[in-house]
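Each chain gets a letter, A, B, C and D, in the order it is written, and its residues are counted from 1.
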Amino acid sequence: MAVRVQHDDFDVSAETEKLIGGRTDIGAIVTFTGRVRGADSERQIEALTLEHYPDMTEAEMARIEAEAHARWPLQASLLIHRVGELHAGDNIVLVIAASAHRQAAFEAAAFLMDYLKTRAPFWKKETMPSGETKWVDARAEDDGAADRWR
Amino acid sequence: MAVRVQHDDFDVSAETEKLIGGRTDIGAIVTFTGRVRGADSERQIEALTLEHYPDMTEAEMARIEAEAHARWPLQASLLIHRVGELHAGDNIVLVIAASAHRQAAFEAAAFLMDYLKTRAPFWKKETMPSGETKWVDARAEDDGAADRWR
Amino acid sequence: MDKQTRNVRLLYFAWLREKVGLASEEVELPVGIATVADLVDWLEQRGPQYGEAFARREVVRTALDKVHVKPSTALGAAREIAFFPPVTGG
Amino acid sequence: MDKQTRNVRLLYFAWLREKVGLASEEVELPVGIATVADLVDWLEQRGPQYGEAFARREVVRTALDKVHVKPSTALGAAREIAFFPPVTGG
(Lines give C-alpha, C1' and ligand atoms only; values in the text may rest on other atoms or scores of the structure.)
Protein backbone atom coordinates (compact mmCIF):
# COMPACT_ATOMS: atom_id res chain seq x y z
CA MET A 1 0.00 0.00 0.00
CA ALA A 2 1.37 3.37 -0.98
CA VAL A 3 0.16 6.81 -2.04
CA ARG A 4 2.23 9.59 -3.61
CA VAL A 5 1.67 13.17 -4.74
CA GLN A 6 4.39 14.42 -7.07
CA HIS A 7 5.08 16.71 -9.99
CA ASP A 8 7.28 14.18 -11.77
CA ASP A 9 5.98 11.72 -14.32
CA PHE A 10 5.68 8.00 -13.54
CA ASP A 11 6.29 4.80 -15.50
CA VAL A 12 3.61 2.11 -15.16
CA SER A 13 5.93 -0.89 -15.61
CA ALA A 14 8.57 0.50 -13.25
CA GLU A 15 5.97 1.27 -10.57
CA THR A 16 4.43 -2.19 -10.97
CA GLU A 17 7.83 -3.83 -10.63
CA LYS A 18 8.67 -1.79 -7.52
CA LEU A 19 5.29 -2.65 -6.02
CA ILE A 20 5.10 -6.40 -6.64
CA GLY A 21 8.28 -7.54 -8.41
CA GLY A 22 9.33 -11.01 -7.29
CA ARG A 23 5.98 -11.88 -5.72
CA THR A 24 4.26 -15.06 -6.91
CA ASP A 25 0.98 -14.73 -5.02
CA ILE A 26 -0.51 -12.27 -7.54
CA GLY A 27 -2.58 -13.42 -10.51
CA ALA A 28 -4.15 -10.15 -11.62
CA ILE A 29 -2.83 -6.61 -11.95
CA VAL A 30 -5.09 -3.78 -13.09
CA THR A 31 -3.64 -0.36 -13.79
CA PHE A 32 -5.48 2.85 -14.55
CA THR A 33 -3.64 5.79 -16.07
CA GLY A 34 -5.43 9.13 -16.48
CA ARG A 35 -4.00 11.54 -19.04
CA VAL A 36 -4.55 15.17 -20.07
CA ARG A 37 -6.68 15.24 -23.21
CA GLY A 38 -5.78 17.88 -25.77
CA ALA A 39 -8.01 20.39 -27.51
CA ASP A 40 -11.09 19.01 -29.23
CA SER A 41 -14.28 20.38 -30.74
CA GLU A 42 -15.66 21.05 -27.25
CA ARG A 43 -12.72 22.85 -25.67
CA GLN A 44 -9.44 24.63 -26.21
CA ILE A 45 -6.63 23.89 -23.80
CA GLU A 46 -3.01 24.99 -23.62
CA ALA A 47 -2.14 23.69 -20.15
CA LEU A 48 -3.75 22.04 -17.14
CA THR A 49 -2.63 23.07 -13.66
CA LEU A 50 -3.30 20.78 -10.71
CA GLU A 51 -3.62 22.47 -7.32
CA HIS A 52 -4.00 20.42 -4.15
CA TYR A 53 -4.27 20.61 -0.38
CA PRO A 54 -0.89 19.33 0.80
CA ASP A 55 -1.04 16.70 3.54
CA MET A 56 -4.78 16.28 3.19
CA THR A 57 -4.29 14.78 -0.29
CA GLU A 58 -1.99 12.06 1.05
CA ALA A 59 -4.21 11.50 4.11
CA GLU A 60 -7.36 11.21 2.00
CA MET A 61 -5.68 8.97 -0.60
CA ALA A 62 -4.49 6.69 2.22
CA ARG A 63 -8.06 6.54 3.62
CA ILE A 64 -9.41 5.67 0.16
CA GLU A 65 -6.76 2.99 -0.27
CA ALA A 66 -7.49 1.51 3.16
CA GLU A 67 -11.20 1.40 2.28
CA ALA A 68 -10.38 -0.56 -0.92
CA HIS A 69 -8.30 -3.05 1.08
CA ALA A 70 -11.19 -3.48 3.52
CA ARG A 71 -13.59 -4.25 0.67
CA TRP A 72 -11.46 -6.47 -1.61
CA PRO A 73 -8.73 -9.08 -1.03
CA LEU A 74 -5.90 -6.97 -2.47
CA GLN A 75 -2.28 -8.09 -2.38
CA ALA A 76 -0.95 -4.62 -3.18
CA SER A 77 -2.01 -1.20 -4.41
CA LEU A 78 -0.53 2.13 -5.43
CA LEU A 79 -1.99 5.60 -6.01
CA ILE A 80 0.09 8.35 -7.60
CA HIS A 81 -1.33 11.79 -8.42
CA ARG A 82 0.65 14.50 -10.19
CA VAL A 83 0.38 18.22 -9.35
CA GLY A 84 1.59 21.40 -11.05
CA GLU A 85 1.44 22.32 -14.73
CA LEU A 86 0.74 19.55 -17.22
CA HIS A 87 0.08 19.44 -20.95
CA ALA A 88 -1.88 17.41 -23.50
CA GLY A 89 -0.84 13.77 -23.44
CA ASP A 90 0.80 14.00 -20.00
CA ASN A 91 -0.02 11.47 -17.31
CA ILE A 92 -2.11 12.80 -14.38
CA VAL A 93 -2.92 9.83 -12.18
CA LEU A 94 -1.95 6.18 -11.75
CA VAL A 95 -3.83 3.52 -9.82
CA ILE A 96 -2.56 -0.05 -9.50
CA ALA A 97 -4.56 -2.84 -7.85
CA ALA A 98 -3.10 -6.34 -7.56
CA SER A 99 -4.95 -9.44 -6.38
CA ALA A 100 -5.00 -13.21 -6.74
CA HIS A 101 -7.97 -13.00 -9.13
CA ARG A 102 -9.12 -10.45 -11.66
CA GLN A 103 -12.53 -9.43 -10.31
CA ALA A 104 -11.11 -7.93 -7.11
CA ALA A 105 -8.36 -6.12 -9.05
CA PHE A 106 -10.81 -4.64 -11.58
CA GLU A 107 -13.37 -3.58 -8.99
CA ALA A 108 -10.80 -2.12 -6.59
CA ALA A 109 -9.12 -0.10 -9.36
CA ALA A 110 -12.47 1.34 -10.50
CA PHE A 111 -13.42 2.10 -6.89
CA LEU A 112 -10.08 3.81 -6.21
CA MET A 113 -10.55 6.05 -9.24
CA ASP A 114 -14.17 6.87 -8.41
CA TYR A 115 -13.22 7.85 -4.86
CA LEU A 116 -10.08 9.74 -5.91
CA LYS A 117 -12.20 11.77 -8.32
CA THR A 118 -14.77 12.74 -5.71
CA ARG A 119 -12.83 12.87 -2.41
CA ALA A 120 -9.13 13.64 -2.90
CA PRO A 121 -8.57 17.43 -2.67
CA PHE A 122 -7.17 18.23 -6.12
CA TRP A 123 -8.46 20.98 -8.41
CA LYS A 124 -7.83 21.39 -12.13
CA LYS A 125 -7.44 24.75 -13.84
CA GLU A 126 -7.34 24.94 -17.63
CA THR A 127 -5.32 27.57 -19.43
CA MET A 128 -6.69 28.49 -22.87
CA PRO A 129 -4.47 29.45 -25.82
CA SER A 130 -5.57 33.07 -25.13
CA GLY A 131 -4.01 32.86 -21.66
CA GLU A 132 -7.42 32.94 -20.01
CA THR A 133 -7.85 30.40 -17.20
CA LYS A 134 -10.87 28.45 -16.05
CA TRP A 135 -11.41 26.14 -13.06
CA VAL A 136 -12.75 22.80 -14.22
CA ASP A 137 -16.27 22.06 -12.96
CA ALA A 138 -16.93 18.88 -11.03
CA ARG A 139 -18.91 16.36 -13.04
CA ALA A 140 -22.19 15.03 -11.66
CA GLU A 141 -21.29 11.70 -13.35
CA ASP A 142 -18.33 11.35 -11.01
CA ASP A 143 -20.56 11.66 -7.96
CA GLY A 144 -22.86 9.08 -9.51
CA ALA A 145 -19.92 6.75 -10.15
CA ALA A 146 -18.78 7.06 -6.52
CA ASP A 147 -22.31 6.55 -5.19
CA ARG A 148 -22.56 3.06 -6.70
CA TRP A 149 -20.07 1.77 -4.08
CA ARG A 150 -22.21 2.84 -1.09
CA MET B 1 -6.58 -2.55 -32.56
CA ALA B 2 -4.14 -5.42 -32.37
CA VAL B 3 -3.94 -9.00 -31.09
CA ARG B 4 -0.82 -11.09 -30.62
CA VAL B 5 0.03 -14.64 -29.55
CA GLN B 6 3.67 -15.06 -28.58
CA HIS B 7 6.01 -16.97 -26.30
CA ASP B 8 8.04 -13.88 -25.42
CA ASP B 9 7.31 -11.68 -22.44
CA PHE B 10 5.82 -8.19 -22.84
CA ASP B 11 6.36 -4.84 -21.12
CA VAL B 12 3.20 -2.92 -20.22
CA SER B 13 4.70 0.58 -20.59
CA ALA B 14 6.42 -0.24 -23.88
CA GLU B 15 3.24 -1.76 -25.33
CA THR B 16 1.18 1.23 -24.17
CA GLU B 17 3.65 3.63 -25.75
CA LYS B 18 3.64 1.68 -29.04
CA LEU B 19 -0.15 1.63 -29.02
CA ILE B 20 -1.00 5.25 -28.18
CA GLY B 21 2.25 7.21 -27.77
CA GLY B 22 1.87 10.78 -29.02
CA ARG B 23 -1.92 10.73 -29.07
CA THR B 24 -3.75 13.45 -27.13
CA ASP B 25 -7.34 12.22 -27.54
CA ILE B 26 -7.03 9.61 -24.79
CA GLY B 27 -7.93 10.37 -21.18
CA ALA B 28 -8.09 6.88 -19.71
CA ILE B 29 -5.93 3.79 -20.13
CA VAL B 30 -6.77 0.55 -18.33
CA THR B 31 -4.35 -2.37 -18.45
CA PHE B 32 -4.89 -5.88 -17.17
CA THR B 33 -1.94 -8.21 -16.67
CA GLY B 34 -2.52 -11.84 -15.77
CA ARG B 35 0.33 -13.70 -14.10
CA VAL B 36 1.15 -17.29 -13.13
CA ARG B 37 0.56 -17.72 -9.41
CA GLY B 38 3.00 -19.91 -7.55
CA ALA B 39 2.36 -22.79 -5.20
CA ASP B 40 -0.01 -22.10 -2.33
CA SER B 41 -1.87 -24.14 0.27
CA GLU B 42 -4.33 -25.30 -2.40
CA ARG B 43 -1.93 -26.41 -5.11
CA GLN B 44 1.63 -27.30 -6.00
CA ILE B 45 2.98 -26.02 -9.31
CA GLU B 46 6.37 -26.22 -10.99
CA ALA B 47 5.42 -24.92 -14.44
CA LEU B 48 2.39 -23.89 -16.46
CA THR B 49 2.24 -24.80 -20.15
CA LEU B 50 -0.11 -22.91 -22.46
CA GLU B 51 -1.34 -24.79 -25.52
CA HIS B 52 -3.44 -23.07 -28.16
CA TYR B 53 -5.15 -23.53 -31.50
CA PRO B 54 -2.95 -21.52 -33.88
CA ASP B 55 -4.82 -19.18 -36.21
CA MET B 56 -8.09 -19.65 -34.36
CA THR B 57 -6.63 -17.90 -31.30
CA GLU B 58 -5.80 -14.79 -33.31
CA ALA B 59 -9.12 -14.93 -35.18
CA GLU B 60 -11.12 -15.31 -31.97
CA MET B 61 -9.15 -12.59 -30.16
CA ALA B 62 -9.79 -10.25 -33.10
CA ARG B 63 -13.52 -11.04 -32.94
CA ILE B 64 -13.56 -10.35 -29.19
CA GLU B 65 -11.70 -7.08 -29.72
CA ALA B 66 -14.09 -6.02 -32.50
CA GLU B 67 -17.02 -6.76 -30.19
CA ALA B 68 -15.51 -4.50 -27.49
CA HIS B 69 -15.09 -1.69 -30.03
CA ALA B 70 -18.72 -2.12 -31.09
CA ARG B 71 -19.89 -1.79 -27.47
CA TRP B 72 -17.64 1.00 -26.12
CA PRO B 73 -16.10 4.15 -27.63
CA LEU B 74 -12.51 2.89 -27.56
CA GLN B 75 -9.63 4.85 -29.03
CA ALA B 76 -7.28 1.88 -29.00
CA SER B 77 -6.88 -1.64 -27.63
CA LEU B 78 -4.35 -4.45 -27.47
CA LEU B 79 -4.55 -8.13 -26.52
CA ILE B 80 -1.41 -10.22 -26.04
CA HIS B 81 -1.49 -13.85 -24.90
CA ARG B 82 1.62 -15.88 -24.21
CA VAL B 83 1.98 -19.60 -25.07
CA GLY B 84 4.51 -22.28 -24.14
CA GLU B 85 6.07 -23.04 -20.78
CA LEU B 86 5.78 -20.38 -18.07
CA HIS B 87 6.68 -20.24 -14.39
CA ALA B 88 5.44 -18.62 -11.17
CA GLY B 89 5.45 -14.83 -11.45
CA ASP B 90 5.57 -14.85 -15.28
CA ASN B 91 3.14 -12.74 -17.28
CA ILE B 92 0.45 -14.69 -19.19
CA VAL B 93 -1.87 -12.14 -20.73
CA LEU B 94 -2.08 -8.40 -21.33
CA VAL B 95 -5.16 -6.38 -22.21
CA ILE B 96 -5.04 -2.62 -22.82
CA ALA B 97 -8.17 -0.50 -23.37
CA ALA B 98 -7.85 3.23 -24.05
CA SER B 99 -10.71 5.70 -24.23
CA ALA B 100 -11.55 9.37 -23.68
CA HIS B 101 -13.16 8.56 -20.31
CA ARG B 102 -12.53 5.95 -17.67
CA GLN B 103 -15.83 4.05 -17.59
CA ALA B 104 -15.49 2.79 -21.16
CA ALA B 105 -11.85 1.81 -20.59
CA PHE B 106 -12.62 -0.10 -17.36
CA GLU B 107 -15.68 -1.88 -18.76
CA ALA B 108 -14.01 -2.78 -22.05
CA ALA B 109 -10.91 -4.18 -20.31
CA ALA B 110 -13.06 -6.34 -17.99
CA PHE B 111 -15.16 -7.49 -20.96
CA LEU B 112 -12.06 -8.37 -23.01
CA MET B 113 -10.71 -10.49 -20.15
CA ASP B 114 -14.04 -12.22 -19.49
CA TYR B 115 -14.37 -13.12 -23.17
CA LEU B 116 -10.73 -14.12 -23.57
CA LYS B 117 -11.13 -16.48 -20.62
CA THR B 118 -14.22 -18.18 -22.02
CA ARG B 119 -13.79 -18.00 -25.82
CA ALA B 120 -10.14 -17.82 -26.90
CA PRO B 121 -8.80 -21.36 -27.52
CA PHE B 122 -5.99 -21.62 -24.96
CA TRP B 123 -5.52 -24.46 -22.49
CA LYS B 124 -3.38 -24.51 -19.37
CA LYS B 125 -1.52 -27.58 -18.13
CA GLU B 126 0.13 -27.54 -14.72
CA THR B 127 3.28 -29.51 -14.00
CA MET B 128 3.69 -30.53 -10.36
CA PRO B 129 7.06 -30.76 -8.61
CA SER B 130 6.68 -34.57 -8.97
CA GLY B 131 6.63 -34.20 -12.77
CA GLU B 132 2.97 -35.18 -12.91
CA THR B 133 0.84 -32.98 -15.18
CA LYS B 134 -2.78 -31.88 -14.93
CA TRP B 135 -5.00 -29.94 -17.32
CA VAL B 136 -6.54 -26.96 -15.55
CA ASP B 137 -10.32 -27.16 -15.24
CA ALA B 138 -12.48 -24.35 -16.59
CA ARG B 139 -14.04 -22.30 -13.81
CA ALA B 140 -17.81 -21.89 -13.71
CA GLU B 141 -17.18 -18.36 -12.36
CA ASP B 142 -15.57 -17.43 -15.66
CA ASP B 143 -18.69 -18.44 -17.58
CA GLY B 144 -20.74 -16.40 -15.12
CA ALA B 145 -18.45 -13.40 -15.59
CA ALA B 146 -18.81 -13.63 -19.37
CA ASP B 147 -22.59 -14.07 -19.15
CA ARG B 148 -23.06 -10.68 -17.51
CA TRP B 149 -22.25 -8.97 -20.83
CA ARG B 150 -25.05 -10.69 -22.75
CA MET C 1 -25.41 -32.89 -53.61
CA ASP C 2 -24.84 -34.18 -50.07
CA LYS C 3 -24.60 -37.72 -51.37
CA GLN C 4 -20.87 -37.45 -52.07
CA THR C 5 -18.37 -38.34 -49.35
CA ARG C 6 -15.71 -35.69 -48.70
CA ASN C 7 -12.48 -35.28 -46.76
CA VAL C 8 -12.22 -33.06 -43.68
CA ARG C 9 -9.37 -32.34 -41.30
CA LEU C 10 -10.06 -33.10 -37.64
CA LEU C 11 -8.05 -31.40 -34.88
CA TYR C 12 -7.86 -32.35 -31.20
CA PHE C 13 -6.51 -30.15 -28.42
CA ALA C 14 -5.43 -30.49 -24.78
CA TRP C 15 -6.80 -33.61 -23.08
CA LEU C 16 -8.86 -34.54 -26.15
CA ARG C 17 -5.60 -34.76 -28.12
CA GLU C 18 -4.08 -36.92 -25.39
CA LYS C 19 -7.09 -39.27 -25.22
CA VAL C 20 -7.49 -39.64 -29.01
CA GLY C 21 -3.72 -39.99 -29.32
CA LEU C 22 -3.62 -37.68 -32.34
CA ALA C 23 -3.27 -33.92 -32.83
CA SER C 24 -4.97 -34.11 -36.24
CA GLU C 25 -6.17 -36.49 -38.91
CA GLU C 26 -7.78 -36.41 -42.36
CA VAL C 27 -10.99 -38.42 -42.53
CA GLU C 28 -13.44 -39.24 -45.29
CA LEU C 29 -16.78 -38.09 -44.00
CA PRO C 30 -19.46 -40.71 -44.71
CA VAL C 31 -22.77 -39.75 -46.28
CA GLY C 32 -25.42 -38.85 -43.70
CA ILE C 33 -23.20 -36.96 -41.25
CA ALA C 34 -25.01 -33.64 -41.12
CA THR C 35 -24.21 -32.04 -37.77
CA VAL C 36 -21.40 -31.84 -35.24
CA ALA C 37 -23.31 -34.29 -33.04
CA ASP C 38 -23.59 -36.74 -35.97
CA LEU C 39 -19.83 -36.54 -36.46
CA VAL C 40 -19.16 -37.26 -32.77
CA ASP C 41 -21.53 -40.26 -32.92
CA TRP C 42 -19.59 -41.60 -35.88
CA LEU C 43 -16.17 -40.93 -34.30
CA GLU C 44 -17.19 -42.86 -31.17
CA GLN C 45 -17.63 -45.96 -33.32
CA ARG C 46 -14.06 -45.75 -34.57
CA GLY C 47 -12.32 -47.01 -31.44
CA PRO C 48 -12.17 -46.92 -27.67
CA GLN C 49 -9.85 -43.91 -27.63
CA TYR C 50 -12.62 -41.85 -29.28
CA GLY C 51 -15.18 -43.26 -26.87
CA GLU C 52 -13.01 -42.11 -24.00
CA ALA C 53 -12.28 -38.70 -25.51
CA PHE C 54 -15.97 -37.97 -26.02
CA ALA C 55 -17.26 -39.74 -22.89
CA ARG C 56 -18.16 -36.41 -21.27
CA ARG C 57 -19.56 -35.15 -24.54
CA GLU C 58 -21.35 -32.21 -22.96
CA VAL C 59 -18.05 -30.55 -22.06
CA VAL C 60 -16.43 -30.99 -25.47
CA ARG C 61 -16.32 -27.80 -27.54
CA THR C 62 -16.23 -27.65 -31.33
CA ALA C 63 -15.06 -25.15 -33.92
CA LEU C 64 -15.82 -25.29 -37.65
CA ASP C 65 -13.15 -23.53 -39.69
CA LYS C 66 -11.99 -21.73 -36.51
CA VAL C 67 -15.40 -20.49 -35.38
CA HIS C 68 -17.15 -21.76 -32.22
CA VAL C 69 -20.29 -23.79 -32.96
CA LYS C 70 -22.87 -25.90 -31.11
CA PRO C 71 -23.38 -29.68 -31.36
CA SER C 72 -26.52 -29.06 -33.41
CA THR C 73 -24.69 -26.96 -35.99
CA ALA C 74 -24.62 -28.35 -39.54
CA LEU C 75 -21.13 -29.15 -40.77
CA GLY C 76 -21.89 -27.45 -44.06
CA ALA C 77 -18.77 -27.06 -46.18
CA ALA C 78 -16.36 -26.86 -43.23
CA ARG C 79 -12.88 -28.10 -44.09
CA GLU C 80 -11.40 -28.04 -40.58
CA ILE C 81 -13.25 -29.36 -37.54
CA ALA C 82 -11.63 -28.93 -34.12
CA PHE C 83 -12.57 -30.58 -30.81
CA PHE C 84 -11.31 -29.26 -27.50
CA PRO C 85 -12.10 -28.91 -23.78
CA PRO C 86 -13.55 -25.70 -22.33
CA VAL C 87 -10.86 -23.06 -22.75
CA THR C 88 -8.70 -22.04 -19.78
CA GLY C 89 -6.53 -19.21 -21.05
CA GLY C 90 -6.26 -15.67 -19.75
CA MET D 1 -15.46 25.86 28.53
CA ASP D 2 -16.67 27.13 25.16
CA LYS D 3 -16.77 30.67 26.48
CA GLN D 4 -13.14 31.34 25.56
CA THR D 5 -12.24 32.66 22.12
CA ARG D 6 -9.53 30.69 20.28
CA ASN D 7 -7.39 30.99 17.17
CA VAL D 8 -7.87 28.76 14.15
CA ARG D 9 -6.16 28.62 10.77
CA LEU D 10 -8.44 29.00 7.74
CA LEU D 11 -7.36 27.71 4.31
CA TYR D 12 -8.92 28.49 0.93
CA PHE D 13 -8.31 26.55 -2.28
CA ALA D 14 -8.91 26.96 -6.03
CA TRP D 15 -11.58 29.58 -6.86
CA LEU D 16 -12.36 30.12 -3.15
CA ARG D 17 -8.75 31.23 -2.67
CA GLU D 18 -9.04 33.54 -5.66
CA LYS D 19 -12.30 35.09 -4.46
CA VAL D 20 -11.23 35.52 -0.84
CA GLY D 21 -7.87 36.80 -2.04
CA LEU D 22 -6.01 34.74 0.54
CA ALA D 23 -4.58 31.21 0.66
CA SER D 24 -4.74 31.14 4.45
CA GLU D 25 -5.30 33.30 7.54
CA GLU D 26 -5.29 32.98 11.32
CA VAL D 27 -8.53 34.17 12.89
CA GLU D 28 -9.76 34.53 16.44
CA LEU D 29 -12.96 32.54 16.54
CA PRO D 30 -15.67 34.48 18.43
CA VAL D 31 -17.72 32.83 21.15
CA GLY D 32 -20.89 31.19 19.83
CA ILE D 33 -19.48 29.77 16.57
CA ALA D 34 -20.34 26.10 17.01
CA THR D 35 -20.59 24.59 13.54
CA VAL D 36 -19.09 24.95 10.07
CA ALA D 37 -22.26 26.76 8.97
CA ASP D 38 -21.91 29.22 11.90
CA LEU D 39 -18.34 29.94 10.81
CA VAL D 40 -19.42 30.61 7.22
CA ASP D 41 -22.19 32.96 8.48
CA TRP D 42 -19.58 34.87 10.46
CA LEU D 43 -17.06 34.97 7.60
CA GLU D 44 -19.68 36.43 5.25
CA GLN D 45 -19.96 39.44 7.58
CA ARG D 46 -16.24 40.18 7.27
CA GLY D 47 -16.25 41.65 3.79
CA PRO D 48 -17.67 41.42 0.25
CA GLN D 49 -14.91 39.05 -0.88
CA TYR D 50 -16.18 36.47 1.62
CA GLY D 51 -19.75 37.10 0.52
CA GLU D 52 -18.72 36.37 -3.04
CA ALA D 53 -16.64 33.32 -2.13
CA PHE D 54 -19.52 31.74 -0.21
CA ALA D 55 -22.35 33.00 -2.46
CA ARG D 56 -22.99 29.45 -3.74
CA ARG D 57 -22.58 28.06 -0.28
CA GLU D 58 -24.11 24.68 -1.16
CA VAL D 59 -21.16 23.84 -3.42
CA VAL D 60 -18.45 24.81 -0.93
CA ARG D 61 -16.76 21.84 0.74
CA THR D 62 -15.11 21.91 4.17
CA ALA D 63 -12.41 19.89 5.92
CA LEU D 64 -11.62 20.04 9.65
CA ASP D 65 -8.01 19.09 10.33
CA LYS D 66 -7.85 17.47 6.85
CA VAL D 67 -11.02 15.38 7.13
CA HIS D 68 -14.14 16.02 5.02
CA VAL D 69 -17.11 17.28 7.09
CA LYS D 70 -20.63 18.61 6.56
CA PRO D 71 -21.90 22.17 7.19
CA SER D 72 -23.69 20.92 10.31
CA THR D 73 -20.52 19.44 11.81
CA ALA D 74 -19.35 20.98 15.10
CA LEU D 75 -15.97 22.68 14.86
CA GLY D 76 -14.89 21.01 18.09
CA ALA D 77 -11.20 21.49 18.73
CA ALA D 78 -10.23 21.73 15.05
CA ARG D 79 -7.10 23.82 14.49
CA GLU D 80 -7.20 23.93 10.68
CA ILE D 81 -10.39 24.60 8.73
CA ALA D 82 -10.23 24.41 4.93
CA PHE D 83 -12.80 25.61 2.38
CA PHE D 84 -12.70 24.48 -1.23
CA PRO D 85 -14.81 23.75 -4.33
CA PRO D 86 -15.90 20.22 -5.25
CA VAL D 87 -12.73 18.34 -6.09
CA THR D 88 -11.77 17.72 -9.74
CA GLY D 89 -8.63 15.58 -9.61
CA GLY D 90 -8.06 12.15 -11.10
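In this section, contacts are C-beta pairs under 8 Å (C-beta built on N, C-alpha and C of every residue); 3 or more make two chains touch, one makes a residue touch a chain.
Please read these numbers as outputs of a predicted model, since none were measured by experiment.
Novice: Which chains make contact with chain B and with chain C at once?
Specialist: Both chain B and chain C are touched by no common chain, going by the contact rule given at the top.
Novice: Name the chain whose C-alpha centroid is farthest from the C-alpha centroid of chain A.
Specialist: The most remote chain is C.
Novice: Any idea how many Å lie between the Cα centroids of chain A and chain C?
Specialist: A distance of 49 Å separates the two centres.
Novice: Roughly how far is chain A from chain B, centre to centre by C-alpha average, rounded to an integer in Å?
Specialist: Result: the chain centres lie 23 Å from each other.
Novice: In whole angstrom, what separates the CA-based centres of chain C and chain D?
Specialist: 74
Novice: Where does chain B touch two or more other chains at once, residue-wise?
Specialist: Answer for chain B, listing residues that touch two or more other chains: 34, 113.
Novice: In chain D, what residues contact two or more other chains?
Specialist: In chain D, no residue touches two or more other chains.
Novice: Spell out the residues on chain A that touch chain B in their complex, using ranges where they run on.
Specialist: The contact residues of chain A facing chain B are 11-14, 16, 22-40, 88-89, 100, 102-103, 105-106, 109-110, 113, 145.
Novice: Would you pull the chain A residues touching chain D in the complex into a rising list?
Specialist: Its residues touching chain D are 34, 50-53, 55-56, 59-60, 81, 92-93, 113, 116-125, 135-139, 142.
Novice: Taking the complex as given, what residues does chain D use to touch chain A?
Specialist: Listed in rising order, the residues of chain D that touch chain A are 11, 13-15, 63, 66-68, 82, 84-90.
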